[in-house]
Every structure is written in structure tokens, then in C-alpha cells.
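So that we are looking at the same thing, I have put the structure below in C-alpha cells.
For clarity, chains are labelled A, B, C and D in written order, and residue numbers in each chain start from 1.
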Amino acid sequence: MKANPKDVRTGVFYIDGDVAAAEGALAAGCKFLGGYPITPSTEAAEAFARRAPQVGAMFIQMEDELGSIATVMGASLSGQKAMTITSGPGFSLMMETIGFGAMLEIPFVIINIQRSGPSTGLPTRTGQADMMQARWGSHGEYEVITLSPDSPQESFDFTIKAFNLAEKYRAPVMLMSDECVGHMTEKVEIPEADKIDLEPRRLYKGPKDKYIPFKPDKDLVPPMVKAGEGYRLYLSPLSHDQRGHPLLSQKSTTRRIVDKIRLNADDIIETKEDGLDDAEVVVVSYGITSRVAYRAIEQARKSGIKVGIFRLITVWPFPDKRITELAKRVKGFVVPEINYGQIVFEVERCVHGNANVVLVPHGGGWVHNPDDILGAIKQIMKAKKRYEGIFEYKTELEKLIFGSGVQKK
Amino acid sequence: MKFWRRPLDIDEIKIPKGEVHIIKDRCKGCGFCVEYCPKEVLEISEEFNKMGYHPPYVKNPDNCLNCQLCEMLCPDFAIYCIEKEEEGIIA
Amino acid sequence: MKNVKHPMDFYLRMDRMPHIWCTGCGIGLTATAFVAAMEKAKLDTNKVCVVSGIGCTGRFAGYIKLDSFHTTHGRAIPFATGLKLANPELKVVVVSGDGDLISIGGNHFIHAARRNIDMVVICVNNFIYAMTGGQVAPTTPLTAYTTTSPYGNFEPPSNIPQIAESSGAVYVARWTALHIRRLTNSIFEALNKPGFTVVEVISPCAQYYSRINRLGDGLDMMKFYHENSQIKHWEPTDNLYIDYQKEIIVGKFVDRERPTYSESYKKWLAE
Amino acid sequence: MKTNDKGVLTGTHNLSGNQACAEGALAAGCRFLSAYPIPPSIEVIERFTQRAKEVDAIFIQMEDEISVLAAVLGASWAGKKAMTVTSGPGLSLMMEHIGLGVMLETPCVIVNVQRCGPSEGIPNSPSQGDVMQARWGSHGDYEIIVIYPNSPQEMFTQTIEAFNLSEKYRTPVVILSDESLARMVEKVVIPPANKIILEPRKHYKGPKNKYLPFKYDKDLVPPMVNAGEGYKFHITGLTHDEKGYPVMNEECQELNVHRLVRKIRNYVDNITNIEEKNLSDAEIVVVSYGITSRTVDKALKQARKDGINVGSIRLITVWPFPDKEIMKLSKKVKAFIVPELNFGQILLEVQRCNYGNAKIRFVEYGHEEIQNSDPILNAIRSLTK
């Protein structure tokens, strides 16, 4: 399926990541945005609100984030592609309903323009500290898909991708952008509608009386119907059987909700590799940090260290296999993150003790200093032995505040 | 002041006199005090404070009756009145 | 400047001045009125707490030199509830904006009023979400423009005094930022009244609401209040909707007696 | 510091896990409970409210779980020891305020009686699906302490411990329980009040005008004062400096996050509480926690009879995760078995700390078979083949 030319604002624009995400959503055929203003994501909501009447989309600003995500659930079940846009504190409020969406397998997209936390933190500054929350934030067992853009162009592209994945797997998909990408203004090329591939909703095609809401196809994803087509749907967020009726047994659909992502992980996972053929050190990064990492890698290559970058485009599901594979032939992994260690734990898990793992932490607010990443790369080259646990690299900023002295976890 | 009839307590009533103090560097130049001063004591000045705003200055100090409306209407805690020590003028 | 002392400085965190509010904003005036009311009420300043949520008015707590708490968006009232119940000696004042108290915190507002928890709620209503850049608020009048209602607002706004009264508040008043002395008096009365008391302050937002709607600066808004506000005490609260650039009814609308939560709780336990 | 007598119901009782939790809280000096009814946590509220009058405690049922935790934080700053109880969906709603609690460094206890998820799931069934959520659920970077008892008796003692840890490290502490543990009735021995040791609030002692809300001591934990004591302090959920005033710069953010994370990470050894059994000669070690650990003993006995050297490690504090212990063990043993009532959460942590040394076998329990030790025994046997 191709995009509708009416929805796509073809051309070359000079816009920021937030606006690009809104344009991406519209191009993907998103017809509903339930939002609530929160810095630094408001630009996206504003852009959507301005364009909405032109393409027949609906924008509503709800009374809070709990309300806005709940409207998205309803809108999606009524047959429209729907999304919400928020930032850290709003994301925390949405946690309960994310579980609801996962349970009822509602396709929806959340754009989280991350800021520094915890709590109110620094509203106008960048952070990457919601990555684990995106995966584990709601109670119970479920799986999500997250994408992490590093430029306004990618904000546009990945938003479309997010909608496609949401429709394909009927799962919550999150675009984990950050303030830096959100407020960065760059050239964004919006292609023509017939160049944009969209995943149509998996609509049920059989006879009406035979429809079973949660009877999965071969890829474990069940087809959907819209509300108001005469199917007399009953959906319940209680554990349910294939008919959607409450079933008090863990052997209900819950297992499949997890499996449909885990077993299809190879199709979902997308990564970008650069210079890994001869690499001795691998920088694992995502989002805005990967842009900073490139600078460090350039410098390291200049000084003769063989460094490659492994960029996570889908952070969840995590590319376990590839990291394990790489670990067997490299000296170590450097993981720069704008937090005090989240994805680095995943890397450590997948390395299975075959290589060193160095975390370059950052409290948030700004991006890394490339020198710190370079320092961490050199640290791995220097290392004579395997570290016990993750080595937390002491950044210049930490030294400035707390004085030097090596701290190990 | 002129009265049609002389009030009985006119000898006891004193019209208070006030002295306006402006903390120039706190002012953000909203103009509320100038606009709502009932005796037109204040006016926006030409000078800049350290934040780049034009603070008011006391144009007619003798008019001030210490009503303190400017103090109440200042969002920036930049202006206040104190009662003058000297005796008020009897009408 | 350091030697000059404003008479209200005692109640302010002078190490944080100047505050973040823009030129012509009414939140500063609310602060002035609050401080004046505090001076008048002669309360033990050690026992007064100010709780704010998020937003422009959310910064209120940070400038008042009392025990002051800047909490999360919409949750100032439940936080204050905890403070009050755990230490009934405290006098708790919640100062927050319309979006914070009525939109995201609307549920808490209703229920705290229903329980009649002893607190003063000062709601600064500037018709817009200003901290995030001018989005539509639950109080934005019909037809007004905001960044998320670029074609004019078509959602009917909330009527804060009516919500407060119907939920059970014992004291409800509304003033504009211009009615500074009456506002001070209302806050003073609210501070002295046990129970859930609400004072709504109509405040100019010179940077967003009036800029987007081309209504001039803060002073122009004040002049507008001067010409268009009508004092009608005891007006039935269902008449208090605010239309775009139309008459604003201000005054004291509700003043009644109900047992507070703490009183009822004690009585209940004693039985 | 010793507890005051009224809260301690000294003697031997038959209590359910939930009731023991309420008794533990009262014994620890908790005098403020705010909650919203959600099964299977209601018995805690009921027990607490029944006893509230005699100990002069306050209970308020708020309008939702969001306000519940906000009220708890408020009460804690007013000087009371405060807690809340909830279950999965409620915990999800509390996430924003867990972040505020961490940022304001507010001592409080959150009891999460887990039920099957996601979403409404199965309200009256045990689950361990919120273990990762308890650690990672709120936005931003932080560390938190999570305790998971496995019997009503331990529910009592660990609730007291939770209050002690939260006062000591000035952080919210989460107690995980589950439907099965919550409703299991067992003997609970409540010691006399003078045998219960409580951690007092880390109260500021210096001169009044010198108080800075976030000026930390050597242990990275700042002393605290209560509202209404005349300190006129300000605290905010924004990134703040020592005075508690918001500051928007990189250094301050770094300082904040660094300290919030390090004040737990640096003391992992003091916080970690694990129970070890037969580890000296063990080749296979079962890593378990909470309700699933109760099935382990039987399996261990049977396996020992069969001549298999098995041991067990039980995590009483699930977070911070005992990295070092697992790492050390992984070099010694052949395999780990991780039984969980979910689809693999602590499994990931064990995998992480294993460093590829030992084999790992996951035992996935369904909630119907929680009393059954066969799955563990089968796993042990399959590993010896």
C-alpha cells in the first residue's frame, strides 16, 4: 500500500525533529492525535494541529496524559491510525494504558521526546533515560518495539516505520526521540506519496459470523476489525481467550503477546553497522549519541585504533544475537548513553563475558563530549585483563565535579 | 481641598504623605504602577535598568498620599511606599 | 540594590529574584496579594506550607519563603492533602494554574473539595498553557486562538467557581489581578476559614494568550479588566462562564460552613 | 531507636501476608497509609484501618493511585512515616510519583501485591511480572531498593526493614508481594517492641539558618527536616542545587543523577540481603525470589536424595541486584536454574552476571502450578543428564 498523496507534504523542508515526526505521522496516514502539552514535544502537537484539518485528521488536547493515551486506544479500535506525543513525566503517566494497549493488541504509536529526569528534571534539555522504562514500564509481561532516530530526517522516516510496525504486529511502538533531535532543525526531504510504503491494517476478511478477535495467523498476529462494522466486538483487558472473553489462566493470550515479538524479532530488528569488519572496539549507540560517537570514532581511526559503530535503530527488541556474535571477535564495547547505564546492561548480558564493556555515562542535559568516548575507546585498548562487571568510564564532567579517582561498579 | 460644608472632624484628619521608593533593578517595566497611580506620581523613565527595562521614576513626589496601590500592583516587588515622618498637611 | 529592602522581602526568597514571570504577568500580582494577605493574617510563618504543581504558576512555591514544595503536574492538591493530614498543625496553601488544577488535576480538585480538606487553593487562571508555549487550556474561552487551536477554540471552557461550589468548597471567590486589594482580602478570608477554599485569579498572560490573540500587552489586559469586570457578590456560580473578551463577573460567590475532613475524621473515630 | 509500644502487637498470631505487612508497618512506626482499593492488596488497608484508631494513625482512600502516592510523599515531608499498598495497574499509575519521590529523596514505602498482567490481567492470581517495572518504571535515571519476602513472617520483618532502608538512604522502597503470599495464612511471631530496631529519620542537626535541603553528607545522603519546623525550605522536582532551587545546567544535572544513583550503588553490599543454602558443594544453583522460592526447598531435598549437589540462593532484596555474588558463583558452579512466575525478567539479570560461565535454565511457572516443585526438579535432573 502506498501513502495517500493528500497526506504527504512532498518537498524539501528545513524543519525540526518534532515537526518532522508530525509530518511523518501524517504521511503514514495517522488520522488521530490525542496529546497533552509537555516540553519538549509540543512543537509536534502544534504542527499536527495546524495540518490536521487539511488532511481530515483529528487533533484533541486532552485533560492529561492518561486521557490522551486512552483516546488513542479508542481511535485505533475505531479503525484510524492513531498516536500520541509526550515526554518523560507524561510517559510515566501513560504506563498503565500502554499495558492495556499491549493486552488488547491495539496498534498505536507513542512518540517520546525524552528529556532529563528523574521527575521534572530539566524540561528543556536532552536525555536518554527512558529506554528501560519503554520496555519495562507497565506491569505484567509484554513486549514493545522502539525506534531511535538521530536526525529530523530519521524522525520523519522512523515515524512512518513505527506506524508500519504497529500495524504489522499489533503492538505498542515507540519512537524514542530526544530533546536534541526534537529541537534540531535540519533539511528533511519528504518524498512523493508513491515512494512511501505503508503497511495496511490487518483486516479480517472471512465471513462475519466466524470472526474470533484473537485468533492468530501464522505469524502469531490476529487480524482486526473496526468498531461499528457489526461484529459485536467484546474486548476485555482481563486475561482473555481467543474470543476475547475473560479467561483466568496465564495460558491465555498473554504468552502470545510476548511471543509474537520475540519470535519475529529477526524481522523487526534493524541496526546500522559501520566499520565493523576490522574493528577491535565497537561503539554501541542509539539516538543522538550515535552522532557524537561518529566524531570520536573518526578521531580514534586517525590515531590508528580500529573502531566500528553498531547503531541500534530498534532498541527493543534488543539485537542479542549480533552482539553475542561480535563479542567473540572484538576486544570490547563502548556504550555511551545519556544516562547512568541502561542499554549497557543489555550489552553486558549479550557479551557473555567475551569482551570488556565500558559505559560512558552522562547525567543528562547535554550530549557527550566526544573526548570522553575516545577516552573510553582507548581504555579498552589499554586494558590488559577482563574487567569484573561494567567499567564505568569517568568523564571529564564527573572529574570536574567530584575530582578524579577511578570508580568501578 | 474645597468643601461645601466644613467637616466636623477636619482638624483631626490628616492627609497622609507618602514617599515612593523604586528598586530599579527589579523592575520589568510593565507600567502597572504608572497607569494606576491615582495621583499620577510616577512616570516611565528614559533610563535602562540592568535587565534592559525602563523603570518608572517619581515625577510628582508631593502628590503621593501613601495609598500603596503601586506597591500592591507591582508584580516584581520593585516599588514600595512608606509614610513620611513629617506631619501631613491639614486641609 | 542589595541594601534596599522591600517590606515584603521577609516572605520572599530574595536569593532567587528576579522571578521568571514575564513583563505584565499576573502571577507576580498574585504573589504580592498572597504576601499581603499573609502579613495581614499574622499566621505563624513556620507553619504555613505552599505547594505548587507545574507550569508558570507552578514556580510560585519557589519564590515564597515558607516551607514550599514544587511537585508534579496536577498533583499539588494530593501532595498538600498528605501534608495536611499527617501534620494537622500546618496551614497548607496550594497555588497553581488553571491547567494544573482543573485539567490534569481536575479529579483531585473535585475530591479534595468533596472531602473538604482544610486548604487554600489559589488558582491563577490565564486561559492558556503558558509554560509550554501557548496551548489550549480547559479555561480557554470559545473562539480564542492558541497554538493547538490554530483555527480558534471550539471547546466550551470550564467554569472554575461552579466546579468548586458543586464539589463542596466552602469559600469561592474570583478576582482579576487588577482587583488587588479585594483579592488580598479574599485570600486573607480564605486563610482564616477552615475547609477547602478556592480563590480564582484572572490573570493576564502577556506573552502567549494576548500575543496570539493580538490583545496587546499586560497593561492592555489590565485596562480590559478595568472596563469589563463587574463585581457581583453572591452571583449564582452557573452564571460565571467567561466568554472571549466579554464581561467578567468577579466577587465572592460562596461562603458556607461544612465540617472539614479532619474534624469529621476525629469525630468519627471518637464515636 | 526503638519503636513505640502501641504499634507492636507482640505475640504469636496467625496472619496472612497482607495482614503481616500492615502489622510490620505499624510496628515500624508508620502512621500514614494512603491507598486506593485494588485486589489483591485490600487486606493491608483493612488491617491498617482497623488498628488505626488505637495507634492514632491516619488512613485516607484517595481518588486514584496517582494522588495516593502524592499524598504519601506529602505526609512523609510532614514528618510521618508513610506508605501505600497497591497492585500492578496501580503501580503503573504511581510511576510518575516514584520519580518525584526519588528526586525529592523522600523516604516512603510502596507495597505492590503483584497480580497477573499486563493491564487488568487476572486480578486474583499471583505473578512476578512487575519485578523489572519496580526497577525501571519511572522516567529518568535512578536506583531503587526492592524487597521481596516469601512468607507472612518475613513480610512482617521485611516491612520494618523497608522502612529502615528508606529512612537510611532517603529513597522510596518497594516491597513486592504477590496474590499467593498476600493471602497465605501462617504463624507470625511479633517480638516485643524493645526487640525491634528502627532507623530514625536522618534529621538535620545544625543551626537553623544554615540548613540546605540537599547538602549531602559523606554517604551522599542529605539530612532532612520536616515541614512546619521553621526551616522555610524549598524543594522541587526540577534539577536542583544544594539549596533545592532549580538550576538549568549540565553540572547540576550530573551532580543530581550521579548522587541519586551512587547513593545506592555505592552501598550495594550493605543493602543486599540474600539467603544461601548448601552453596559450599553445589554444582547447580537455583536462583529464586519471593513466592517461587517456596517451591525450591522441596526440589532441593529431593535432588539431594538423588545425589545431585544442588544449592540455592534466594534474593530477599531483588534490587539492587547482587551482581558480585552471582558473578562469583558463576565461576564455581555448572549451572543456574531461575524459576519465575513470568516470562523471564530476573533471568536476564542472571544471564548478565553469569559472564557465559555457567549454563542457565529458565523455569517458567504458570500461576496454577505455583505449589508444584516438579518443574524445578525436572530442570535439575535434565542438567545432570
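Convention: contacts are C-beta pairs under 8 Å (C-beta built on N, C-alpha and C of every residue); 3 or more make two chains touch, one makes a residue touch a chain.
Please read all numbers here as calculations on a predicted model, not as lab measurements.
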Pair of chains joined by more contacts [C-beta pairs], A-C or B-C: B-C
Euclidean distance of C-alpha centroids - chain A vs chain B, Å: 60
For chain B paired with chain C, centre-to-centre distance based on mean C-alpha positions, whole Å: 28
Centroid spacing, where centroids are CA-atom means, of chain C and chain D in whole angstrom: 38
Numbers and ranges of chain C residues touching at least 2 other chains: 70, 72
Sites on chain B at which at least two other chains make contact: none
Multi-chain contact sites of chain A, meaning residues that touch two or more partners: 89, 119-120
Pairs of chains found to touch, sorted by chain label: A-C, A-D, B-C, C-D
Chain A to chain D touching residues, read off their complex: 66, 88-89, 91-93, 95-96, 99-100, 102-104, 114, 116-125, 127, 129-130, 132-133, 135-142, 236-239, 248-251, 254-255, 257-258, 339-340, 342, 345, 348-349, 351-354, 362-366, 388-389, 397-398, 400-402, 409
Chain C residues within the chain D interface of the complex: 13, 15-16, 45-47, 49, 51, 61-62, 65-72, 75, 77-87, 89-90, 107-108, 110-111, 265, 269
Residue numbers on chain C that touch chain A, as the complex places them: 54, 70, 72-74, 103-104, 106, 129, 131-133, 135-136, 138, 147-151
Complex contacts: residues of chain D adjacent to chain C: 31-32, 34, 52-53, 58, 60, 62-64, 66-68, 70-80, 82, 96-97, 99-100, 226-238, 243, 245-246
For the chain C and chain B complex, residues of the former touching the latter: 1, 4, 6-9, 12, 17-19, 21-29, 31-33, 36, 178, 180-181, 184, 206, 217-219, 222-223
